[in-house]
Amino acid sequence: MTQVLWISTLLLLLALLLGLWRIWAGPGRADRMLAAQLFGTTGVGLLLLLAELMQQPALRDVALVLALLAIMATVAFVARTQPADHHSEQDHDAD
Amino acid sequence: MIDLLLALTLPLVALGVLLARELFRAVVMFIAFGLLMALVWVRLQAPDLALAEAAIGAGLTGVLLLDALGHLRQPHPPGQPLRSLLPLLTILALVLAGALGLVLLGALLEPLQPSVNLPAEVALHIEASGVAHPVTAVLLAFRAWDTLLEVAVILVAVVVGLALRFSHDDAAAESRVSSPLLQGMLSWLLPLMLLVALYLLWIGSYRSGGAFQAAAVMAAMLVLLRLSGQQLPGQNHPLLLRAGLVGGLGTFLLLGSVQLLQGGAFLAWPEQLAGAFILLVETALTFSLALLLYALFEASPAPARKGHPPRTGDQPS
Amino acid sequence: MNTFLPYTLAGGALVILGLTGFILHRHLIRRLLAFNLTGSGCFLVMTGLAQQGQGVDAVPQALVLTGIVVAVSATALALVLIRRWYHLTGLTGLPEDIEPELQQGDNPAEGKTQGAPH
Amino acid sequence: MLSWLTEGPSLLPWLVILPLLWSILSLTAGQRLQPLIATTAVGLILLATLLVLLQWLQRGDHFYSLGDWAVPLGIRLRLDGLALLLLLLTSGITSVCTLHAGRYLQEYPRAKTYFWPLLAFCWAAMNVIWLSADLFNLYVGLELLGFSAVGLVALTGEKKALAASLRYLYAALLGSLAWLLGVALIYGHQGQLDISSLALTFTDSISGQAALALMTLGLLLKMAAFPLHSWLPPAHASALPPVSALLSGLVAKAAFYILVRLWLEMAPDNLTFSAAQLLGALGAAAVFWGGWMACRQQQLKMLVAYSTVAQLGYLLLLFPLTTGTGEEATRLAWEGGWLQLTSHALAKAAMFLAAGNLVLAMGRPDLPGLHGAGRYLPFSLLGFGLAGVSLMGLPPSGGFMAKWLLLQSALLSGQWWWILVLLSGSALSAVYIFKVYQQCYVESDNPDRFRQPALVLDLSALALALLALALGILSAWPQWLISTALPGGAA
Amino acid sequence: MMLIDLLRALLLLSGALFFLVGTLGILRFPDTPSRIHALTKVDNLGLGLIVLGLLPGVEHWPVAIKMILIWLLAIAASALAGHLVVRVCREFRPSNAGEQQDD
């Protein structure tokens, strides 16, 4: 079982590195932001695996916090980083 | 294997942050760096730091930076100065970096001979500290003096932010997201965040967690609330807000002085009640630090609307 | 204990990279990023080195926690100043080319804003 | 009373608690209560300082364990003659600055609201640093000091002040990181952080040397030593005058104080002859460069700020003159160095306050604006002039006494080259101070443009200048105080 | 016991593989909407599989609830992120196409 956990952890780490490449390569801002989002989810998975592997239950709390706050960067990106002269259009958007 | 991979990735990501041509890319890379740091702290057997890094490094700092980025978008005069000095600076930086690298390599690889075994000391005295979790014991008993001053440090940063804030009219111009989906999600996400914050606060006395991590989660909750364009309850009571900001430091000082006023030492907790006192201080700190961290975000000057140049502060009358 | 060594060295590398970036970048936010990277490097060295010697140690962990909070305060403080500076001048860097040492007398920017007649 | 002084609990923590309480109260109380709070707080802090002095006279040097946790686990405060000197100096100068600011800030209603809490934090941070004996606690103290000082500089929100405060902040942050890295190395290799305990175990290792070098670099940046000084003049010149006085008089000295503690107390054996000479050479370069730049300035406050760079340079001469120079020369240099710090703190605070008054009166910040000041503003000019006497090192000022002691030490130890530095530094300061005077005595045809500053503004500058002057005559007591803290316990 | 272990191993490995494929997905798809699709679908499935694989190993039920909660949170977060970013793309397509250089 431990080996499986190790291999899964390594695979996830690999996915993490790929995600890093995605953030670097872009090309657009939206892509970078999304890649960062996925990066966070991958981190959550990694933390859950490590909690089992290292026998550290506290790591699940870390994963919980990470999952809770995962949305923050994207919301800040959408709310604030977008062109400042567009706020009026942003406000009355309906989905 | 994991350790080597992580340890190698860290400087590479740092390089990415520093070399990114577009500033936005640098900031997103930095957010990813924060997350990697959280993983590194996990591997360094420091879950408390992983928690703090996940909440502060990947959460709040990222929001602060993205928020600032949004305000710095107008084109600025091209050709930043200092072109003439740049080659000189480059050489200087490289020489410095090289020297520092050699020195550090030497220092880091030197065999360690600690004259004191502090972890053993911590284990020896943890019983008397009133809490079971070593990091909390260090923060709120053994080295409470540092923690007290650190709260003051945040307060100073907030005060400077308040002092430099633009007038309130400008603040109305800032953008926010208004999406029904976001509102719907926040209606259960925010209470959940509050719950998790309280859980972290409580669990800090015997496991990883504590005031700072709890405060960071709570601050994130307030920031999300603000980003989604909602009013904070009590936002229009400046005195209440001020009281909240100084409340943590005040409570810490007050409870720390209880023994002092009875002839004991400052920051010594009463023998039987040490655990209760620490929990009390931590609770006050959590709420106050959350407000402070939120204020770090909120106090930053809002952008001026076009045609309304910001007030430039005082002119002698 | 050897698992901690790679991180200590990575911390050292971060410090060096961050320092170089801090010196070479002119954009204030980039310098702030470099500062944060250097800070993380210092924290890694602090924890990693101590734990290499003595195993898991709560003291450096607590110190680093303090350090992280101080670093986020520093970042926020700097961002407040940077924004205010940007809104007043439209610059994202310091006016390095008007270093007082290189000028006859004093900062010309001062002369402009204060309009001191000679 | 006497028994309470000898046996009662030490009052050291109050020196930090009181300013922190002040800042909390001033942040929550309304505008009208501020003067009352400030007066009470300053009064109480002065009282506490005085009582701490009395306690020290009764029981001598002592430690105070915070939370009753012993080192190496806990943090302790340390009171010795040197810390006491700086506590007294801080209380004195800050009180006068508070007095000055109370009147001066009436012109700056917006800045006033946040000036008081920041000032209180700054005071708390200085007292933390003077009393701290723990490397990491010093880091937190340095950050608290740096942030509040940066905030004080930025307070007016003007362009110039913002640029200066940003530069100051970045320098301070870089300095703190260097310090922190040094602390990390020391903790990793030694396992403890208390300076006095480390002094017993500090070994001559690569990591030890690297840590010392890093921490020294950080502190040199923070005290604006020669090649790293460029952040200081704009920051000190663009702040409000009471802030400039505080920064130049006291805040800039904090890093030097720690530097001395570090080298002469924690790792005296690691300070080699060449390292000490190098530190001295940096100081000498600062004396020349700062003096030269001060001579070239056209703005009054920039001139005074560059003079600070020069005067801080003298302090670094302490290192070569106390390293391997024999007992008598070491003692002379030790007393001379700290006396220089004391007299410069008083004189420079006075000079910045006076310069602020002059600028306020003239309505313009440049030197030609001073024309006619000699005739119409003699009182404001007197404060400036008396402070200048001490800076130049003319008898009977404290500056003279300090330089005289340093001179004797240099003679005794055969390091004649420092004598040249001392003499030419004094000559340079004479040049820039006379340059100000010269402008003041150029006749002005238009007396109406002067506005007489309020009496309390002039008086506060004058009081500090007189103290600096009197320090030369009454130097026996401070000298004794300093000598009790001589490293190696020669006293 | 063996069967459960085998199942867990299968779940964990396929979860990790899903992550890898998902990340590759965002690497390979040509435009932002389809990349968002890859993000929200695949990585949540991956995390779900990993959580499922880990569940039999936990001793206390609150821990299991916590892990499921984490999974739900992650799903909600990436759905919301996808939604918000799509909206931004729709609004600012012209300005989003090219990269601006900030310095």
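The chains carry the letters A, B, C, D and E, assigned in the order they are written, with residues numbered from 1 in each.
Note that contacts are C-beta pairs under 8 Å (C-beta built on N, C-alpha and C of every residue); 3 or more make two chains touch, one makes a residue touch a chain.
For each chain, UniProt lists the protein as follows: A = Multicomponent Na+:H+ antiporter subunit F; C = Multicomponent Na+:H+ antiporter subunit C; E = Multicomponent Na+:H+ antiporter subunit G.
The model shown is predicted, which means the values in this text are computed figures rather than measured ones.
Minimum number of contact steps separating chain A from chain D: 2. Of all the chains, the one whose CA centre sits at the greatest distance from that of chain C is E. Highest C-beta contact pair count among chain pairs: B-C. Of all chains, the one whose Cα centroid sits at the greatest distance from that of chain D is E. A separation of 15 Å divides the Cα centre of chain B from that of chain C. Remark: chain C and chain E have CA centroids separated by 34 Å (rounded to whole angstrom). If you average the CA atoms of chain C and of chain D, the two centres end up 24 Å from each other. Between the Cα centres of chain A and chain B there is a gap of 19 Å. For chain A, residues that reach two or more other chains under the stated contact definition are 9, 19, 26, 29, 33, 35, 40, 57, 64, 68, 71, 75, 77-78, 82-83, 86, 90, 93, 95. In chain C, the residues that touch at least two other chains are 15, 26-27, 30, 43, 45, 48-49, 52-54, 59, 63, 66, 70, 73-74, 77, 81-82, 84, 88, 92, 95. The residues of chain D that reach two or more other chains are 136, 140, 143, 147, 150-151, 154, 157-159, 185, 188-189, 191, listed in rising order. Those residues of chain A that touch chain B in the shared complex are 9-10, 13, 16-17, 19-20, 23-24, 26, 29, 32-33, 35-36, 39-40, 43, 46-47, 50, 54, 56-59, 61-62, 64-66, 68-69, 71-73, 75-84, 86-87, 90-95.
Here chain B touches chain E in the complex through residues 21-24, 72, 80, 177, 179, 181-182, 185, 189, 192, going by the rule given at the top. On the side of chain E, the complex with chain A involves touching residues 5, 8-9, 12-13, 15-17, 19-20, 22-24, 26-27, 32, 35-36, 39, 43-44, 46-47, 50-51, 53-54, 57, 63, 66-67, 69-70, 73-74, 76-78, 80-85, 87-89, 91-92, 95-97, 99.
Those residues of chain B whose C-beta lies close enough to touch chain D in the complex are 103-104, 106-108, 110, 112-118, 121-122, 125, 141-146, 149-150, 152-153, 155-157, 159-160, 162-164, 239, 242-243, 245-246, 249-250, 253, 257, 260, 263-269, 311-314, 316-317. Contacts from chain D toward chain C in the complex involve residues 136, 139-140, 143, 147, 150-151, 154, 157-160, 162-163, 165-167, 169-170, 173-174, 177, 180-181, 183-185, 187-189, 191, 230, 233-234, 293, 296-299, 302, 364-366, 368-369.
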